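Two complexes come next, and they have one chain in common, chain A, joined by chain B in the first and chain C in the second.
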Partner chain A sequence: MSINQSDALDSGAADLLALMRSETGRVVSGASLSRELGVSRTAVWKRVNRLRALGYRIESAQSAGYRFVGAPDTPLAQEVQLDLATEVIGREVCYRPSIDSTNVLAVEMARNGAAEGTVIVADTQSRGRGRLGRSWVSPPGCNLYFSVVLRPSMVPAAIPQITLMTAVSLCGVLSEAAALPIRIKWPNDLWVGGRKVAGILTEMSSEMDRIRHVVVGIGVNVNVAGDGLPEDLQRTATSLTLETGTHWQRVSLFRGLLQALDRDYASFCQAGFAPFRSRFIERSMTLGRRIRVQMPEGETGGLALDITEQGALRIRRDDGSVVDVLSGDVTVLPEI
Partner chain B sequence: MNLKEIKELIEMIRGSEISEIEVEREGSRIRIRIGQKPVVSQGPAPLVPGTAAGSEPAASAAGPAEAALPELVPGQVVIASPMVGTFYRSPSPELPPFVEVGSSVETGQTVCIIEAMKIMNEIEAERTGSVLRILKEDKDPVEYGEPLFILEPLP
Partner chain C sequence: MSINQSDALDSGAADLLALMRSETGRVVSGASLSRELGVSRTAVWKRVNRLRALGYRIESAQSAGYRFVGAPDTPLAQEVQLDLATEVIGREVCYRPSIDSTNVLAVEMARNGAAEGTVIVADTQSRGRGRLGRSWVSPPGCNLYFSVVLRPSMVPAAIPQITLMTAVSLCGVLSEAAALPIRIKWPNDLWVGGRKVAGILTEMSSEMDRIRHVVVGIGVNVNVAGDGLPEDLQRTATSLTLETGTHWQRVSLFRGLLQALDRDYASFCQAGFAPFRSRFIERSMTLGRRIRVQMPEGETGGLALDITEQGALRIRRDDGSVVDVLSGDVTVLPEI
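So, the complex of A and B:
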C-alpha cells in the first residue's frame, strides 16, 4: 500500500533485523553480516543504526561484531506482526510514533481504500478522541492506542453492536491477562474497581443500506502511572499497572488483543450479536444497578434491566415504565 | 389571542391526531404545526427521546419510517437515516454544522452524524447538490429511513 509509513522499516533494515534476531544474544561479526546480506560493512553499520534509532538494543563489540540484545516494547509493525496469528486484523499494520488521532488517520486511509483489517497504532496521540469531540489522554511510551479498519457486509443498523462485541473481546483478554475483575460499562468502556481502564470509539460511514467503512478505535491504559494522568482523571481513570503493580509488555498484550478481535469479528460476521450478548451481560457492570442516563435531549434514569438483542440498554424507570436506551451517557449510581 | 390560549391550543393538538391547525379570530390568525408527529410505541414499553420502541425490535424491522415524508418535487433527492439514533449537525458541539440550507455538497461529503450506542455514523451525500431543506434539529432522535435532508441535484 502506498501510504506514508513514517516509521516503517525499509527492506534492508528488515533483513538485518531478521538475521540478528535469529542470533539473539550472540556476537555476529560485521564481516559475516555483510556477506549474508550481500552489502558492505558500512551499509550494515548504517542499518544497525537505523534499528537502534527505533529502539532496538544492539551492542557493538569493537572488532568482534554486533550483538542483538532485544527489541523495544513499542508496537512497531514488525514487532506486532511477529508470530501474529490472525486472518484479517493486523495483516497490515501502520505504526506512528506520534499522531493526532489513530481514528483520524484510519478514516482517511479507509476512504483511500485501506484493506479490511488494517491497523493504525501510535505511541502517543496529541488529540486522542473520545465521543463528540471529547479527548482521550494519550501519553507516550506506556499505553496502547489503535484503530482497526473494517468493511463488514451487513446493514448499518447492526454496526453499533460491533462496539459491544469489541468491548466483550477486550474485556476477555485484559481480565485474563491481568487477572483483574474488569467490567463493561454499557456500551463502550471497560472499568475496574470504579475506574476506567479502556475505551472504544467506533466511527463509520454508510449509505442507507451499504457500509463504506467502519473504524473501531481503542485506547487501553496499560502502564501509565498515576502521575501520568491529568489531575481530574486520577479519580476516574486507572491502568493495568496501577491495578496490579506489574509492568506489562505492550506488544504481546497488543498481539493478544488483535488475535481475540480477529476471532470475535469473524464470529460476529457469521453469527451476529447473539453469542456476544450473553458474554456482555455476564461482564456488565451496569445491569442490576440504578443508573442515570444523560441523553442528547434530556435526562432519565432507573434500574438497568437488560441488554436487548439489538444491544440497547433496557431500563425500568421509577414510574414503572420500561424503555430501551440507544444513546446517552450512563452514570452508574452508588449502591445504597 | 393571548399566550395562554396559544399554549392551550398546542396542548390540544398534542393530545390529538391533528398535526396542523389554523385558527382565525378577530382579525388575527395563527397556524400551529407539530413538526414531528410523536412516533407511537408498538410494544409495552413507551418511547422516550433517545430510545427505541420498547420490547419490539428496533424500527428497522418495521421498515423505513413513513411519517413526515416531505413533498418532493421531481428531481429532488432525500438523504435518509440508515439507522435509529441521534442526529448531529456538527462534528462536535463547538464546531459549526457540516452544512446549512443553501450549502452545496459534493458526492461523498459528510452532511451529518447519526449516533447510536456511541457509534458515530458519518452520513455522506450520495450526489452533488445543494441543500434545500434540513428536516431535523441538532440532537433530534431519528428513526430508520427517516428523511434528514432534501437536496437539489446539481448537473
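So, the complex of A and C:
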C-alpha cells in the first residue's frame, strides 16, 4: 500500500523545526541556520516555507533572519508526538488534512501490517462514520477525528469490552480537562447536558478465536460552534466549547487522550475488563433509567440494570424478564 | 475490484454446453449446432475447443459432428450450479484453477460487496491457510477448497457458533456420503481414524455489535493419495479415498456440502445454535476425553466436559476448577 506522506515532514524540515522551536521568539539568522543544518540559505528558505504551509508561524525579520512564533493547533504528527508519553499508542502517527474516514485508512493500514498503536488523525473527514452505518459530521479546523490500530491477543467476543474501555478512557480525560459532567450512553457515545459530544466506532478483523486487529475510531466535538453543525444535529450534538465557552487546544487534548488510552489499554490487556466495568457503571447515563432498545431482531425496553462482564447492557423488561443486550440502539426515556 | 473471469463460461459456450449436454453420447452435426445456436460453424468449433480446454470430453466424430461424452469432475461454476438445490449458498460461484487462498479472494470480494452465499472454489491453492496461521496443503485435481461469504445479522460473539455449525454440517455430509465414523475435533477439524480429513477457517469483519461479513473457508481431503501429501502430514492427515479405497466425485460431493450448509445456515439464522450444539456434542471426538489446550495465555488441560451455548469448550481441570475455553489448540490425550 502506498501511504501519501505529503503532510509528514521530511527530515530536513523536521531538523529546521526542532532548531527553530528551541529558539522560539528569538530571531535566528538565515546564515546561522544554514551553518547549523549544513545546507544552503536557499534550502533553509524552502524549508521555512514548507513549515509555513503546514501552519507554523515563522516571521521573516527584515533580512536579520527568522523568528519562530508558534506551532499550529493542528494534530500534525510531529506536534502530537512532541513529548507524547505513551508506550504503544501514537508510536506512529499519520496526519491527513482531509480524508474520507480515518477508520477506512486505519483498517487498510492494519490489513497491511501497521504496528499496534498506529494512529491516523485528520483535520476533516468527508465521510466520517458512526455506528450502525451512520455518518459522523466532521467539519475542519475545530475537532478531533482519529483512529487507533490495536492488536489485542483476545477472542472476538472481547470487542464490546474494548469499546467500553475506550469510552471510559475518553470520558475520564474529557470530563477532567473540561470539568464537565460527561456521561457514557451505552455502548459508545459520550453525552453532556443532554447532547452528544463524542462517539466511538470500533471495527474488527478476526478469526473465530483470535482478533487480528481492531480499529478504534474516535470523534470528539472540541471547538465546533453551534452553527458549525447541520441544523438537525444542533439539538442533539454539542462540543466542549459550546459547553464551557472556552476554546480548547486540540493538540494538547489529543495528546492527553492518547496517553490515557495507552495506559488504559495496557491495563485492560493485563487485568481485563472488570475495573473498566466499574468505571463504566459509575459514568453511565443509561443505568437506572427506563430505556427503549432498537435491536436487529426487534424492539425491547425496560429498566437498564447493569453492564455485564461481557459488556452487554442488562435490562429488566416490564414483564419482569431480564435480558442482556449486546447490540442495539438505546433511547433513554424521559424521567416521569 | 476486477475479478478474473477467465474460467467462467461466456454465454456462447454456456449455450453450446447446455445443448450438447442434452444430447450426451449422441453425435450432433456441426451444421445443426450452428443452426440451433445461430452462429457460424467456425464459432461452434471455437466454443467446442473452449469447453475442451476446461476439461469437457467432446469427441469429433469423423466430420459427422461432435459427441459430448462427459463433464470434468472439476468444480467449475456451471457444473456445481447444475441442479444445485440451494436458496442462498452458491447463487454465485467463482471457480479458479489456481489461487493463493480461496479465503483471501472471498474476503476481498466480501469487502467489495459480494452477495451472501457467494462461493469461491479452487482446484489448488498455493497458500492455503488453516487456523492459527498454519498452512493447508492443497494439491490440485483431487480435493475441495472453497470459501463461502455469509452476512448473518448477528453479534461478533456468534463467530465460534458459526464455525461449529459449519463443522456439524460438513461432518454430517461427509460421514453419510462416505459411510465413515467422522468426528469433530473442537473447534474446527474433522477427523477419522485418528487423522484429519477436513478443516475450517472462519474469518470475520465486524463492528462492535454487528457482523459485516464472515468468510467460512473449508478444505476437504477427498481423493488425495498418501503420497500426495508431504511426508510430515502422512501420519496426521487422511482423505476420503484413503479411508474408503474409493474414488469420489468431487463436484457431486461439493454440491451436497453446499446444499447441507445452505439448509443448516438458514436453520441456524432462524433457530439459533442450540440444535447444532447437540449435534456437535454427539459428533465430538473431544468430549469425555482428557485433553491439553494450548491457549494464547498459556497451557491448560483436564477433562473435556461440554460445549457451551457460546460454542466454548468446557473443561474440568485436575484441581476441580471448570473453565470455558474459546480459543486454543487442543490435543486429545491417549486413553490410558
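Before moving on, here are some points about what is shown:
Convention: the second predicted complex is superposed on the first by the 332 of 336 C-alpha atoms of A that agree within 3 Å, B and C clash if a C-alpha of one lies under 4 Å from a C-alpha of the other, contacts with A are read in each partner's own complex, and residues count from 1 in each chain.
Convention: a residue touches a chain if its C-beta (ideal position, glycine included) is under 8 Å from a C-beta of that chain, and two chains touch if they have at least 3 such contacts.
From a predicted model like this one, the values you see are computed outputs, not experimental measurements.
Overlaying the two complexes via chain A brings chain B and chain C into a clash. Within the superposed three-chain model, A:M204 lies in touch with chain B and with chain C [touch as defined at top]. Within the superposed three-chain model, A:R127 lies out of touch with both chain B and chain C [touch as defined at top].
Once the two complexes are laid over each other on the shared chain, residue contacts for A:G328 go to chain B and to chain C alike. In the superposed model, A:P156 makes contact with both chain B and chain C.
Contacts of A:R35 after superposition on the shared chain: neither chain B nor chain C is touched. Of the two partner chains placed by the overlay, chain B and chain C both lie in contact with A:N188. In the superposition on chain A, contact is made by A:T300 with chain B only, not with chain C. Contacts of A:H247 after superposition on the shared chain: neither chain B nor chain C is touched. The wider contact with chain A, measured as residues touched, comes from B rather than the other of chain B and chain C. Clashing C-alpha atoms with chain B after superposition occur in a single stretch of chain C, namely 99-107 (options considered: 27-35, 99-107 or 243-251).
Shared contact residues of chain A with chain B and chain C: 131-132, 155-157, 159-160, 162-163, 187-188, 201-209, 296-297, 310, 326-328.
Residues 44-55, 57-58, 60, 80, 82-86, 88, 91-95, 110, 115-124, 126, 139-141, 144-145 of chain B are the ones that touch chain A when the two sit in their complex.
Contact residues on chain A toward chain B in their complex (touch as defined above): 131-133, 155-157, 159-164, 187-188, 200-209, 212, 293, 295-298, 300, 308-312, 314, 321-328. Chain C contributes residues 131-132, 153-157, 159-160, 162-163, 187-188, 201-210, 296-297, 310, 326-328 to its touches with chain A in the complex.
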